[in-house]
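There are two complexes below, and they share chain A, which is joined by chain B in the first and by chain C in the second.
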Partner chain A sequence: MTPLLIAQIGLTLFVFVMLLSSAAVMVYVERKVAAMLQQRLGPYLVGPKGLLQPLADVIKLMFKEELRPLAADPLLFALAPILSATAAFAAFAVVPFGADTTLFGLLREPLRLQVADVNVAILVIFAIASMGVYGIVLAGWSSNSKYSLIGGLRSSAQMISYELSYGLALAGVLVIANSLSLSDIVNRQSGTWLGFLPRWFLFVQPLGFFIYMTAGIAETNRAPFDFPEAEQELVAGYHTEYSSMSFAMFFLAEYINMVTMSAVATDLFLGGWHGPFLPESLGWIWFLLKVAAILFFYVWMRWTLPRYRYDQLMRFGWKILLPLAVVNLLVTAAGVLYFGA
Partner chain B sequence: MFDTNELVLNMGPQHPSTHGVLRVVLRLDGEKVVDSDVVIGYLHRGIEKLSENRNWTQIILLTDRMDYVAAAINNVGYCETVEKLMSLEVPRRARYVRTILCELQRIASHCLWVGTHAMDIGAMTVFLYAFRERELILDLFEEFCGARLTYNSMRIGGLPLDIPPGWDKKVLEFCKIMDSKIDEYEELLTHNRIWLERTRGIGVISGPHAVALGLSGPPLRGSGVPRDVRKDEPYAAYDEMQFDVPIGLAGDTYDRYLVRMEEFRQSLRIIRQGTEGIPEGPIVGKVPRLIKPPAGETYHAIESPKGELGYFIVSDGKSTNPYRFRVRPPSFCNLQGLRTLIKGHLIADVVALIGSLDVVLGEVDR
Partner chain C sequence: MTSFYLFGAVAVGASLLVIAQRNPVYSVLLLIASFGALSGLYVLLDAPFVAVIQIIVYAGAIMVLFLFVVMLLNAPHEDTEQDLERMASRRPAAAGGVRIFGGALAAGLLVELWWALTKNGGESGVFPGGAVSSVRTIGRSLFTDYAFAFEVTSVLILVAMVGAVVLARREVVTGLGRGRPPGPRTLK
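This part shows the complex of A and B:
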């Protein structure tokens, strides 16, 4: 085994553990930020400032009884949460999160901070994200409960309406970057325009960014588009019948999806690990900061806005976002043709 | 039994947003409500029958348990009905305090309503904001009578206690705080695009139809019928207060929301007038030791936050308990409108409309 291979395996494990802990951190942050917005304290008893709260949550969930409705389909019922969580983890594999590194000179060849550099990374993310919806739909179907079923149906309809504009919003970036590989796309965004404005695609694709973020919220089932689990309408939507760790898997999947969404947004629109003040080797700090900013935005949205209605979201997706995305793509393509890449 | 194209969804009695133990059986076509059946009775405690075996003063604490988020108003309504039956004169000071308490209670009840209604539509933060202010009102009540939810705060013929010293200043201070907080709720909701889309044109009911269904309170006024018991048949000290009765035009969820938001402000206006003009004098009128109303029957209604709260009481003139005690609960009558309102709407609107009617199940079932 070459040192590079060992480093690569280590990196893979590292990403896996980091994703798990990012979900834990997100649970804590979500609760703390929500508490801040709502003028209450949030968790503060478990550990210093409540920092161990996610751990306590997990332990509590582990000791809960695993319940399954009698009429549920046992195989699919068990499979659904696994599918959701696996898809969520897998999608992050192609996301680069830092510049190439030699681990402070330990390695002779540089290591790419990315689990797998696929040259069609974006397509992979799409494919896997679409797999994730199977988890939700199957959960809704196999529970054999009406609330779950409606939740599952809602999510499949929602995914179809959103994946299109989501994809078209990305196409704009692809046209400019002329590549499907995320690390190539990030590297195109280094440097500045006019000496001060970073060359982030956000500034050439503001509309694309807006569409991506909106569709991304729908894609990850977050408020104000959280219909599949709309608590006040469907009790808990597709995971109404789930308990214990299988419930935790859905929870985990939701948060990891959010992290992936934000990481992809950072790579595509916010220049990935490029930023001022820090040397390239510490670029991952910029990356984390940007992801954190987007995640904060998500949490902020969730606790401020009312929920859209399901049919209104459909109308919004098909009649507003999709045409906007098409126009965005056409204008971008025309621009690239005219000015050159 | 049912068409196979329809899905029968049993919403409640255990459901996060049926406001207690309401059960709505929905017949759905996709997510659209084809028809529904509203089932009540899960919180029946037999308050009306119980009252026939309690003496007149003991009943006051039973009325607390009807609309438990507006207990003081229930107390006032009951006491005034008995006073009417006995032709008792209530001193002016007591009537003023009653008015202030009623309006504080109306704000507390509306706080709970705005919070839960917004939460049903998905805006969770408003709920905690509204509860923060409701807490201040509960503190005021606690200082007045020692209890925070079920007050037992009235007596036949007047008040059990005089207001504590300095209490009126605290009430005025609260009014000042509340003024800005109402704007805060409105900032989060009134012009919010999502809120508008979720509430405008949802559950439209015309004025005559609302009257025919027996709706009262904000659901009736939201449809443009200017009926308010406080104005039409003044009780307590409302005849001496200056206030407006807000009405809506469209009769949809949004207008009912706006009506209640304006009622917040009008209530504050009444509280200010009441607290500043509170007269000196006794707090209890000339009440006989043994309360034993003459034989006869009477109906008296007051404006509770939910609508017209009426009491119908029959006394046989011999015993120390009522012969018949009957309540006209506004929530119960307003709930009649639910089936009409939700027809043709989506599941998401069902919870919005339950919230928009502002029902309290304790009062529906009694």
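This part shows the complex of A and C:
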């Protein structure tokens, strides 16, 4: 085994563990920020400032009884959370999160901070996201409960509807970057315009960024688009009948999807690991900061906006967001033709 | 080569299992597994773009719709045997026809499979497209050499979509003497 291969395996494990712990951190942040927004204290008993609360939650979930409704389809009921969690983890594999590094001179050849460098990375993320829908649909159907079924159907209808705008928003960036590889796209965004404005695609694709973020919230089933689990009408939506670790897997998948969504937004629109003051080798700090900012924005949105009505969601998706995305793509393509890439 | 046989075995095995299932939901899922294995074969052919498109379009978009239909029709079991017996007691000629037709179809498929395996098994020619893997090449040939076919296909899909909307659309009849009397519940 070459040192590079060992480093690659280490990197894969590292990303896996980081994703797992990012979900735990997000749970804590979500609860703390929610508490601040509502003038409460939030978790504060377990550990200093309640920092160990996610750990306590996980232990509690592990020791809960695994329940399965008698009329459920046993195989699919067990498969659905696994599908959801696998899709969530797999999508992050093609996301680059830092410049090439030699690990402080330990390696002779530079290591790319990306688990799998695929030249169609964006499409891979898209494909895996469409696989994640199955987890939710099957969970809804196999539970054999009306709340689950309605939640699953709503969620898949919502995800399919917003996937179109999501894809078209991505296409605008692809046209400008002239590449499908995420690391290429990030590297196109290095440097500045006029000496101070970073060359982020956010500034050439503001509408694309808006569409991406909106569709991203809908894709991850977050408030104000959290219809699949609208608790006032559907108990908990597609995971109503799940308990213990299989419930935890859905929970995990949701938070990891959020992290992936933010990481991709950072790579596509916010210049990835490029930023001022820090050397290239410490670019991952910029990457983390940007991802954290977007995640905070997600949480902020959730506790600020009430849920839409379902017909409003569909009307917004098909009649406003999708035409906007098409216009954005057309204008971008025309601009690239006229001015050159 | 090992991965070729692995993906090939999964694709063939899953496809066979699709028709061996009683529950149509399982059939749909096995078909998705088969598509996944096919996409693996595309990766081995150095065509990652086609592989990913295979997943997005077939496994992602089309099969979700299939799954929807199957789930909502709520047809958990296909009792073809019992259906056939019921049919045989009522209309023996029709049932016999169904059996003969099914048998002929299966025999035809078997012959075709045998022909494909023996005739083309020996040649392992070079993949004709050369560099079709790159997105640029695919896009260029789609919009130049195959522009007509591409546009006609999109018209075909549009026709199917319009047809589906026409079939699914229900006229809301409001007016005296036809169906339910007009009131807040008939308004959409």
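FYI, the second predicted complex is superposed on the first by the 341 of 341 C-alpha atoms of A that agree within 3 Å, B and C clash if a C-alpha of one lies under 4 Å from a C-alpha of the other, contacts with A are read in each partner's own complex, and residues count from 1 in each chain.
Basically, a contact is a pair of C-beta atoms (placed from the backbone, for glycine too) under 8 Å apart; a residue touches a chain by one contact, two chains touch by 3 or more.
These numbers come from a predicted model, not from an experiment.
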{"item": "Partner chain in contact with A:V137 - chain B first, chain C second, else both or neither", "value": "second"}
{"item": "Touched partner set for A:L180, first chain B, second chain C, both or neither", "value": "second"}
{"item": "Contacts of A:F126 with chain B and chain C, given as first, second, both or neither", "value": "second"}
{"item": "First (chain B), second (chain C), both or neither touched by A:S156", "value": "second"}
{"item": "Of chain B and chain C, the chain that contacts the larger number of chain A residues", "value": "B"}
{"item": "First, second, both or neither for A:Q312, with chain B first and chain C second", "value": "first"}
{"item": "Touch list for chain A against partner chain B, complex", "value": "34, 37-40, 146-147, 150, 154, 223-224, 226-227, 230-235, 303-312"}
{"item": "Chain C-facing residues of chain A, complex", "value": "73, 76, 118-120, 123-124, 126-127, 130-131, 133-134, 137-138, 141, 149, 153, 156, 160, 180"}
{"item": "Chain C to chain A touching residues, read off their complex", "value": "25, 29, 32, 48-49, 52-53, 55-56, 59-61, 64, 67-68, 71, 135"}
{"item": "Touching residues on chain B, where the partner in the complex is chain A", "value": "7, 9-10, 15-17, 31, 118-125, 128-129, 132, 188-189, 192, 194-195, 197-198, 346-351"}
